[in-house]
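There are structures below to look over.
Next come two complexes, and both contain chain A; in the first it sits with chain B, in the second with chain C.
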Partner chain A sequence: MRRFRFGVTARIVAVLVVLGVAVFPLYWMFVTALSSNSDLFADKPRLTPDLGQFGVFVDALAEGKAGGWLLNSLIIAVGTMVLSVGLGIPLGYALSRFSFWGKALVTVVLLFTQMLPEALMVVPLFALFRRFELLDSLTGLILVNSAFVLPIVALILKGAIDGIPKELEEAARADGARPFTTLTRINVPLIAPSIAATAVIAFFHAWNEYVFAVTFIFNPDLQPASVGIANFIGELGTPIQTVMAVAFLFTLPAVAFYLLVQKYVVSGMTAGAVKG
Partner chain B sequence: MGNQRAYLGLARATCALGLVATLLTGCGSDGGSGDGVTKLTFAASTFGDPGRGPLLTKWLDEFNQSQDKVQVSAAAVPYPTFGQTVLTQMGSGKGPDLVRFDMPEFEAASDAGLVAPLDKLVDASKYDLLKQPDQFMVHDGVRHGIIFEASNYAMFYNADLIPTPPTTYEQFASTAKSLTKGDVFGLAFRQTEAEEAGVWQDIFNYVYGFGGAWSDGKNLTINSPENLKGLQAFKDLYDANVIPRGADAATFRRMFAEGKVGMELNNGGYVTATRGQNAKLNFNVAPIPFPVRKQGAILAPIVVNEASEGKDEAGTFIKWALEPQNQVKLQEILGASSVATTTQRSPETLKATPFLPVFDGLTETSLPQIVLGFEAKTPDIRKVVVQNVVAALQGKTDLKSALDRAQQQATELVR
Partner chain C sequence: MTVVEQTGAPKTTPRAGARRRPSPLGSKWTPYLFLAPAALFILVFQAVPLLQEVYLSFTRTRLLNPTKSEWVGLDNFNRIFGDPEFHRTLLITIVYVITCVVVAIGAGLVVALLLNKKFRGRGVARALVTVPWAAPGIAVALIATWMLNAQYGIVNRFLDAVGLGVPGGAILDSSRYALPAVLATTIWQLFPFTSVVLLSALQSVPAELNEAAHMDGAGRWATFRAVTWQVIKPTVGLLALLMTIWSLRRFELIWLMTKGGPVGATETLVIDLYSQAFDSKELGSAAAIGMVGVVISLIVIIGSRLVARAVEKGDVR
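Then we have the complex of A and B:
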């Protein structure tokens, strides 16, 4: 009985520790946002939020355009997610199921693109986007983010499709299904967890992206939150509470999105780990 | 039946993609105006400063209210990546119409032909321009910029903690050490590679304040004995643990405003920012107490982008900015900084900020933070020097070896 209690207590403590480690950064952002100037640099930091400072959130939303930035981030992230997953599924399927000349080379090139830092591509892509009049638009950011995240999406989905027995498709074809039907009716439902996982990857990539957003967007009304937060970092000063308030608001949609899809992501990560 | 389902699925997918495309098309920029008003963008990192940014935006509003054909809006580009971002945009034939640059980026941009000559847009001879800073705005007889802000470096000190300011380096160091207790630090400066431009500004005062220089105008002198002496003084303070190590400028300036930092070397623009953070702080300013009275100055020119389609209208804005009453307003916004032309500080201003003459008295001995003779290469040289100095601070190498290495690397860069 005593051993049982000890085990339960240990588990509860372990869960609380893990929860604390995961949640603490978010909590600390919230506390910092709601700290007075004197509390901010006090010898002993304040551990609980000062709710009297709540106006910082109101100011960030009302004066700091945080609402518009978050909406722009949401459009970019969702657009990137839809485009990259939408293109990644047929690409992954083609790489998995079809034999064509240069297939190995295509796979290597896709991997190679993941090794290029964004900063290296800013100048050539800027010139290219200027020619196609894609600068200063959210569409341009969706395209560039999709271009960067598509290879990893396609390769993950290729791996997932590799794990599906070909016999299932052959049976569908025997019933008269065409490749498109086979993909949408047979493969997509079976790789749904992997699709969810890649959707999360694409969403977070676009949600956090900064280098292209800061260079390709001139209109302040079109800036995403990643750039908007950086705008508070001035040459001579930075309003830390405001930065933390906007950063806290910036984190919430991403956390909410992850919580919505996390059960699919976990099963997507383990999909194919054990083959029957 | 199977085919029908497939076509239905295809139609659904097409509709969904069309919907997304329609949504995205609506997300683009509106392009420009069609009502005969030229809309210009003015990029300046100071628009993000908590103290000065809102006031500068109001100053722009005054211009907009005075015009019916030109409108200027603030382009928000974050300070940490300002130079890199704007130079990338300008280099590709786009970017803001008007830019407030720091000197290293200004030199690089004008050397690359990214900045429009101003001679035809603005008749500079009509204005009483401050000669000392203005000389750096002209390259080979061609004017590329007009001073937006000129600001000398001085020593800010917390007057509650330091009743009598130090007048020698030894006093400066001992004051910093005696003040450092608990959560209070005697001094603060930038010391991480992440703040490359800021570290360069800070070490500039130590190098020139100890009789050194980055070049003799023709050759680089990064590892000269005088430079080593100045940077050793900088490193000694770092090693003495009298600064909040790891804290970036934004953090330690907030600490200064909260009375947690005793001294800081900074420029006149900092006065407004400090008051904006804590109006009650009792601080004062004195010349930097180093052996040689020579210090850095923030020179920030306003330039017109060569790729701008509204150069004449940009010239209209600069001419408006140079009008005496608008210069006075700008100077009041910028605090203890100077502007392009000679302006008189009002008795009310001097009463509110009695130390303004300290800044004014430093103008003749202040230098822009560029490498003379290698102006356009300053960003590259800066990177090499800062990397090596930071490596020495972190104990990866000794300071002399770091400067020798910087000298060698920078010489290869400018060869």
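Then we have the complex of A and C:
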């Protein structure tokens, strides 16, 4: 009996410790943003946010360049989302419903691209971007981010289409619908949750992307938030509260949306990796 | 192969269905029309740059004058493999990757087992534990750097308070503690993913089997090994593969926290590759380092498939 009771308490404590470890750094980001200077540099740091300091979020957006950064990030992320999902749906459909020459090769290439580090591709892509005048352009970042997130989007959508009974489509085809119509009218509505999940993945892939953004963008007005925030590290002079407020505004949407689509992301990513 | 089953698709139907495919207006070109746009994209932004990178690795090319590149054969590879610093980079990469794989999966398994039991608020706990995985790498690097700040960082204040403080507190400037700090941050970001994946694998462990093992008088550990581990083994293998590939290519977290320093203490292959290209401006060496990384990834992937196949055969008996 005694052992049983201890087990329950120990489990509760263990769960709380795990959650503390998981959440604390982001909580600390929030607390740091909402700290007065005297709390920040006091001998004993304040462990709770000082809500009286809430103006730091307003200041961060209004005075700094953060508003512009977040807007650039938003443009890049929305563009990447539209493009990669737009290309990923037909690719996933082709992989799921057709058997064709080269299918195995396409699948292998999709999986292979998952292991290429962005840093390796920076140099040749830089040359390519220079030739096509895509340096210093948000369009260029949208294109390259789409290419990098496309494989995982396509593999997740392939898995989703695999799960839809073929009979639905065959009936439509028997009525004379073209493949494209059966895709848009029959499959797309049925895989809407997976499409939403891949849209979120694509959005935040681009939202978080750093290497290409820092190498291909020179104009400070075109910097996305990932680059802007990264420049804070090691940069003296910006109040740490502002830094943390911007970083918090940058992090919050990513965390919130990922929590919503978590299960699709997990099953999609593992399924994609297994198929190789 | 629990994870494969999630995608559903009965194993026989795809092929049988495909043969009946000739449908109204769908010619044999139809699939190519669907995949052409995406294929073009991947060709332009992945395949061609990769081939260029392969070519570069056999040349001497300077960043500042890239058009003037000179074919040098295996020179770059000979040079990096003869360089003791590169040996250290390889060693650090191996330590980094293996630690990430082992600790992220170990911690993930513990957390998954913890969250697999029924208790009130389990849904919320499962969601909250995902948070680190969802946080952008940039933000993680920033908050980690701040928390590890020598003077005002909460980590140092805590360590000082419990009497374990690093002298001077400069964890990220210490060639001894920088790598553990970067590893801890990486693992903090990775373990939610492994635990969520393992949790979904644990849910396919049949409860009757556990009970049966208990009835037979097996202890907890024996039950775990006989039942649970057998079910989750393929998922663990898959996670090991994913964690290996992801840790091999992880860049921004290390770069922003330490830039590979102090004096190369946190320099993994990708960091070395990036600084060769943009600090030393030697594109050829950078490409050669990149090729080493790609070859390691390929060996890991092919090796893991061979092992998986051998295990499957062994299981058939």
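A few notes on this one:
Everything below uses one rule, namely that the second predicted complex is superposed on the first by the 201 of 276 C-alpha atoms of A that agree within 3 Å, B and C clash if a C-alpha of one lies under 4 Å from a C-alpha of the other, contacts with A are read in each partner's own complex, and residues count from 1 in each chain.
FYI, a residue touches a chain if its C-beta (ideal position, glycine included) is under 8 Å from a C-beta of that chain, and two chains touch if they have at least 3 such contacts.
Since we're looking at a predicted model, the values are computed, not measured.
In the overlay built on the shared chain, the residue A:118 is in contact with chain C alone; chain B does not reach it.
Of the two partner chains placed around the shared chain by superposition, chain B is the only one that A:38 touches, whereas chain C remains out of contact.
When the shared chain is aligned, chain B comes close enough to touch A:135, but chain C does not. Look at A:51: by the touch rule set out above, it reaches neither chain B nor chain C. Once the two complexes are overlaid on the shared chain, A:144 sits against chain C while remaining clear of chain B.
Legend: residue contacts after superposition of the two complexes on their common chain; A:237 is shown touching chain B, with no touch to chain C.
Contacts of A:75 after superposition: chain B is touched, whereas chain C is not reached. After overlaying the two complexes on the shared chain, residue contacts for A:104 are found with neither chain B nor chain C. By the touch criterion defined above, A:127 lies against chain B and chain C together after alignment on the C-alpha atoms of chain A. More residues of chain A are touched by C (comparison of chain B with chain C). Overlap of the chain B and chain C contact sets on chain A: residues 40-41, 122-123, 127, 176-178, 215, 230, 232-233, 240.
Interface residues of chain C facing chain A in the complex, by the touch rule stated above, are 1, 3-4, 6-9, 13-15, 17-19, 21, 23-26, 28, 30-32, 34-35, 37-39, 41-42, 44-50, 52-53, 56, 63, 66, 111, 114-115, 117, 119, 125, 127-147, 152, 154, 157, 188, 192-193, 196-197, 200, 235, 238, 241-242, 245, 248-249, 251-252, 256, 270, 273-274, 277-278, 283, 286-287, 290, 293-294, 297-298, 301, 305. Against chain A, the residues of chain B that register as touching in their complex are 2-3, 5-6, 9-10, 17, 20, 23-25, 27-29, 41, 45-46, 48-53, 73-81, 85, 88-89, 91-96, 182-183, 249-251, 253-255, 257-258, 260, 266, 269-270, 273, 276-278. Note for the complex: chain A touches chain C at residues 11-12, 14-15, 18-19, 21-23, 25-26, 28-29, 32, 40-41, 45, 87-88, 90-91, 93-95, 97-100, 103, 106, 109-110, 113-125, 127-128, 143-144, 146-148, 150-151, 154, 159, 162-163, 166, 170, 173-174, 176-179, 183, 204, 207-208, 210-211, 215, 226, 229-230, 232-233, 240, 243-244, 247-248, 250-251, 254-255, 257-259, 262-263, 266-267, 269-271, 273-276. Note for the complex: chain A touches chain B at residues 37-38, 40-43, 75, 79, 82-83, 86, 122-123, 126-127, 130, 135-139, 142, 175-178, 180-181, 184-185, 214-215, 218-220, 222-223, 227, 230-240.
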